[in-house]
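In the two complexes below, chain A is the common chain; its partner is chain B in one and chain C in the other.
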Partner chain A sequence: MAVIEADAGGTPAAGAATPPRPSLATEMTRGDRILKVVATVAAAIPGGLVAFLAAIMLVTALPAIIFNGTNFFTGTVFSLGHLYTTNTVTHNGEVAPSGASYGALSFIIGTFSTSVIALLLAIPVSVGGVLMLTEWFPRRIQGFLSIFLELLAGIPSVVFGLWGITIFAPYMAQHVYPALSHIGTVIPWFKGPIIQDGEGLLSAALVLGIMVIPIIASTTRELVRQVPVLAREGALALGMTRYEMVRTVVIPYIRRGIFAASLLGWGRALGETIAVLLISGNALNSLPHSIFSPISTIAATIASVLDGALTDFTGMGIHALAELGLLLLIISLITNFAGRLVVRRLASGALPVGRGV
Partner chain B sequence: MESKSRTRQVRAVLFWALCAIALAIIIVPAVAIVVGIIAKAWPAFSPAIITHTTATDGLQNAIVGTLILSVGVLLTAGTIGVLGGLYIAEFASPRIGSVLRFFSEVLSGVPSIVVGYVGYLSLVVALGWGYSVLGGVLALGTLIIPYIVKSTEVAFSTVPRSLREGSVALGLPKLTMIRKVLLPPALPGIISGLVIAIAISTGETAPLLFTADFSDHNPSIALFHNPVGYLTGVTYFDLQQPGANYLALANAAAAVTVIMILVLIFGGRLITARSRRMIARMDV
Partner chain C sequence: MTAGYLSIPTTATAQKERSSSAAVRVRGLSVKLASRTLIDDVSVTFPEKRITAIVGPTGCGKTTLLRSINRMHDHSPGITVSGDITVGDTHVYGATTHLRELRRRVGMLFQRANPFPQSIEDNVGIAPRAHGMVSRRQSRELVEQQLIEVGLWEAVKDRLSSSPFTLSGGQQQLLCLARTLALSPEVLLLDEPTSALDPGTTEHIEALLKRLRERMTILIVTHNLSQALRISDEVAFFMAGKLVEHATSNTFFHEAADQRSRDYVSGRVG
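Moving on to the complex of A and B:
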């Protein structure tokens, strides 16, 4: 057995993500080289897929971008047109069924309003909940309570949708929204009418908020654990209350990471499809009047309209949905890029991949 | 402690009260959803669920379809993800590694409906596969690859450095080092990553709607022109149908999905916990 002196500088646990490599470089055999080539290709695939997704979306959307012009961003009527006649309209040299109009403003508003309300719920709940968890419970119970976070992260979006529309939204419409609508006399956004089963903007946003919690909460939990113990103890030694210690030591330390995780959570809320489609009331051509109005989002519209678009003999319906998809892709790539760049300097692994499992 | 004034204490109590409410808002929905869905589905659970297909109020074809899709995802995304993670952990320079990791993470942020739509445009239409098992597998796999890349990378990089130094000192080629020295301790981490990735893929709906479509019949082995049923699809489609029996089946499918996912996730976590203890013992 070869006995090797442990390298004092390279503690494996601390430098886990990037073990110091150069010193361990060896000559490569033929098998090594084959493995390296295969692994290189595999490692390049995710980036390649991102490029592929963007390229296909852009190429497919191009005719619709030309046809729609600015109407895409300003129009509120999204209609595939008269699919059962052969009449067509031509605009900017592109052909679509007569009566077709692809204004996406109501979806853009629906997407942003639901996702922003979702974040308004998810950020304080995640941060507050995790602080409660980490500051007041012993390690063992923390592990147990973390199960609920994993539970939330693991529940499929279609199940969130089912729960939202059969249990949550009807309950809220009966017991909570009526009280909330009294604020409508002061702030018009809170004015009803409330749909009987509770479908609409607020229900969709609240369920989205619950779906986003695991992403922000799991990041917060990782970051809180990295807060230096000396700084914490110093604060307490100065006679601060636990709350003041959290405010002056913990929060400043984790702020940046929470901001980044919120961007990721926002990206996820923007792109969520099935749950929103089931809970939002799926209103195609109406701008929301209040937080109880039925709405639709970009992602939900793609899923609900595609079946109809397939019957469009000019193919413009497909292109128009691709333009929606392209817009969604661009927005979510921006939020993701921004979130990942913000935490570049933090320890790698602080931000979860995907849903925060 | 006398010096702590009244306002400071009130403020602290208020803050922690809000935090406690926040923690409740995390825990209550998690429990409410799982318990609520399973309770609603309970009356619909009967042997018929396994023995009948969705054409006759069962879930057989959907369960089989979900399993087939999972195996497909494991073969495609699993292979790519594990090799990609291996490259980032063992071959790439820190700089290249961080770029590759970045793109993998960005891919995980792409909305699933976009992946489904591109799958429809490129596989179903452009390549002429029609609604197919393979189309569904590739769309699902695209979403899952980032999870596997990450868990594999973490699994390899948590192997103690002393083991690498030992194998380099013995003059082992890299391939042998990876296979004989690094893989055994990394394997539990890789497997638990795969298990959790499969759990996530089991819960996806959006990427499958326009690639795998749906079918009320048991899937055949054909890869192309062969729509396939899956559990989340039952919930999604039946929820939009009028009628109590559709709603009951939607609930049952959701409950089966949730149970499968929970078993997979906690199974994966168990493997991770055990491997962590094992690796801790290994370090010199």
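Moving on to the complex of A and C:
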């Protein structure tokens, strides 16, 4: 818009004798005006919604922020307090049911540990799998297997949760985790005890990982398709094997995109609620001491505690959940921005994806 | 076709077969894409230590022929190659041919520069290391030697670890040439290597090719007849997938036997 206007402003001066040409930027029919209004509104919606949401969350959370202080980040006990008596406590001028404590440290740790472990599992599996598929499998099989990738992406998370808690977690607890816990003699995080049905950090992370795979894999597949044929042929023409070609050409071309895809996946893992709620063991009051410990995440806690919080006569329960929500929102925004920053920094390394075809 | 693809020849054979040039003999070559014939029963011999220009109108099969010689068609589904090509004593499409070693001996330079997204140094050194021709330590020396050979050393010696995409288009193409030469090929396939370059770099590359002719067989596909006239010893003229005429450059440009060749040279066709 600015460019057009500058252009239009410049032209009349050139021909002072002739009447100024009608500028395209100012000449608007009724259709143009309607389009302009609609487009402006549409363009403002995403940004406006985020701002609106953040503002509402902040206002709702404010009493809890004042009540909790730093205990929110350092406390490990999350309790709505005694909701069936009328006793209250007052802290920093804010009122909550007696016995209430809103320490979120264990959820913060739970959120990060599950999502990071999920990513550590999902990235190599998706990238390796996609490279296998695109580089070594015949094209027809590629298409066929890709369908399953899309199907995996379409499975509702509650189904993942149910499968996780009824089949996957108990199986892992019986057959895999005992072996894994032997590593505990070297790395303390792998030490048991193992919950009988397998509910806990690792099970939640594994199922999250499976849910994240389609996100990373489908992005990676698109990236691999964009690697210039000419660049690949350059490697093959030098007698390089497919493996060497992938290492020298394909992976450098897609590296940055994989990073961005992983952040997308991370966003999904951070916010995933129902599947984690079902599999995590829903531990509201304890820090995990090993990868087998029951945990809870920010999102899962909001979902599981909401019912009780709604019966809180002081309203502080809801305020505390809003504070959790605000925290989740901030974490998501930070990871998103950090990701963009890294992608931009890597982009300045000048890797012209698509050049040469 | 790709049976021997992943097998890695021993360094001993690689050493033995290095530093000799070889003639390229094509016998009864036909290339089909599905049912369409791209090359139709072509027989031609490209003599060693000569520059042969492959010319002809667009779509006549020049590039297809070139890509048959180092088996690039192996990676294009739907393309079938029949007939026989030999490089020296090696049957290109022989059942026991090591594709990896064949491509070491038959280098290729593409129409547009396609450097690897690696450092400038690795662009030249990575393939010789992969072929086990040099160790990581020796590779530095080889890289310098090749970059000097193509006349790029002075421009890049202070930024060997930076990205090749910071170089100009012409420099990138020279880098790709250095990369190909680093494998000591016996045959060099050039697919319109200067069509995207400025006249200065083109001249530089042409001079380079004349020098390289002393140790390898060079086939160059070109749309630029004056380029063919400048650098080639022989010309092979193709039309619609068939070889029309194969003659010395002098004969082809001045007294071609075939009327179609004369028309092409005089600019009436193509």
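Simple rule for what comes next: the second predicted complex is superposed on the first by the 288 of 357 C-alpha atoms of A that agree within 3 Å, B and C clash if a C-alpha of one lies under 4 Å from a C-alpha of the other, contacts with A are read in each partner's own complex, and residues count from 1 in each chain.
To be clear about the criterion, a contact is a pair of C-beta atoms (placed from the backbone, for glycine too) under 8 Å apart; a residue touches a chain by one contact, two chains touch by 3 or more.
The structure presented is a predicted model; accordingly, all values stated were derived computationally and were not measured.
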**Study point:** Touching partner for A:32 - first (chain B), second (chain C), both, neither
**Key:** first
Practice item. Mind telling me which of the two, chain B or chain C, contacts the most residues of chain A? Key: B
**Study point:** Which superposed partner A:306 touches (first chain B, second chain C, both, neither)
**Key:** first
Practice item. Considering only touches as defined above, state whether A:253 meets chain B (first), chain C (second), both or neither. Key: second
**Study point:** Which of chain B and chain C A:244 touches, first, second, both or neither
**Key:** both
**Study point:** Partner chain(s) touched by A:163 [first = chain B, second = chain C, both, neither]
**Key:** first
Exercise for review: Identify the partner contact of A:175: answer first if only chain B is touched, second if only chain C is, both if each is, neither if none is.
Suggested key: neither
Review point. Counting only touches as set out at the top, which of chain B and chain C does A:149 meet: first, second, both, neither?
Key: first
**Study point:** Contacts on chain A seen with chain B and repeated with chain C across the two complexes
**Key:** 239, 241-242, 244, 349, 351, 355
Check your understanding: Of all residues in chain C, which touch chain A in the complex?
Key -> 5-6, 70, 72, 75, 77, 99-104, 107-108, 110, 112-118, 126-127, 130-131, 163, 165-166, 176, 179-180, 183
Study note, to complete from the structure: As the complex stands, chain B meets chain A at residues 3-4, 8-9, 11-12, 15-16, 18-27, 29-34, 36-37, 40, 79-88, 90-94, 97-98, 100-118, 120-122, 142-143, 145-147, 149-150, 154, 157-162, 164-166, 168-175, 178, 196, 199-200, 202-206, 209-210, 232, 235-236, 239, 247, 250-251, 254, 257-258, 261-262, 265-266, 269, 283-284
Revision key, fill the gap. Listed in rising order, the residues of chain A that touch chain C in the complex are 139, 228, 230-231, 233-242, 244, 248-249, 252-253, 349-352, 355-356
Study note, to complete from the structure: Note: in the complex, chain A contacts chain B through residues 2, 4, 6-7, 10, 12-13, 16-21, 24, 26, 28-29, 31-32, 35-36, 38-47, 49-50, 52-53, 56-57, 60, 124-129, 131-133, 136, 145, 148-152, 154-163, 165-167, 210, 213, 217, 239, 241-244, 246, 264, 267-268, 270-274, 278, 299, 302-303, 306, 318, 321-322, 325, 328-329, 332-333, 335-337, 340, 348-349, 351, 353-355, 357
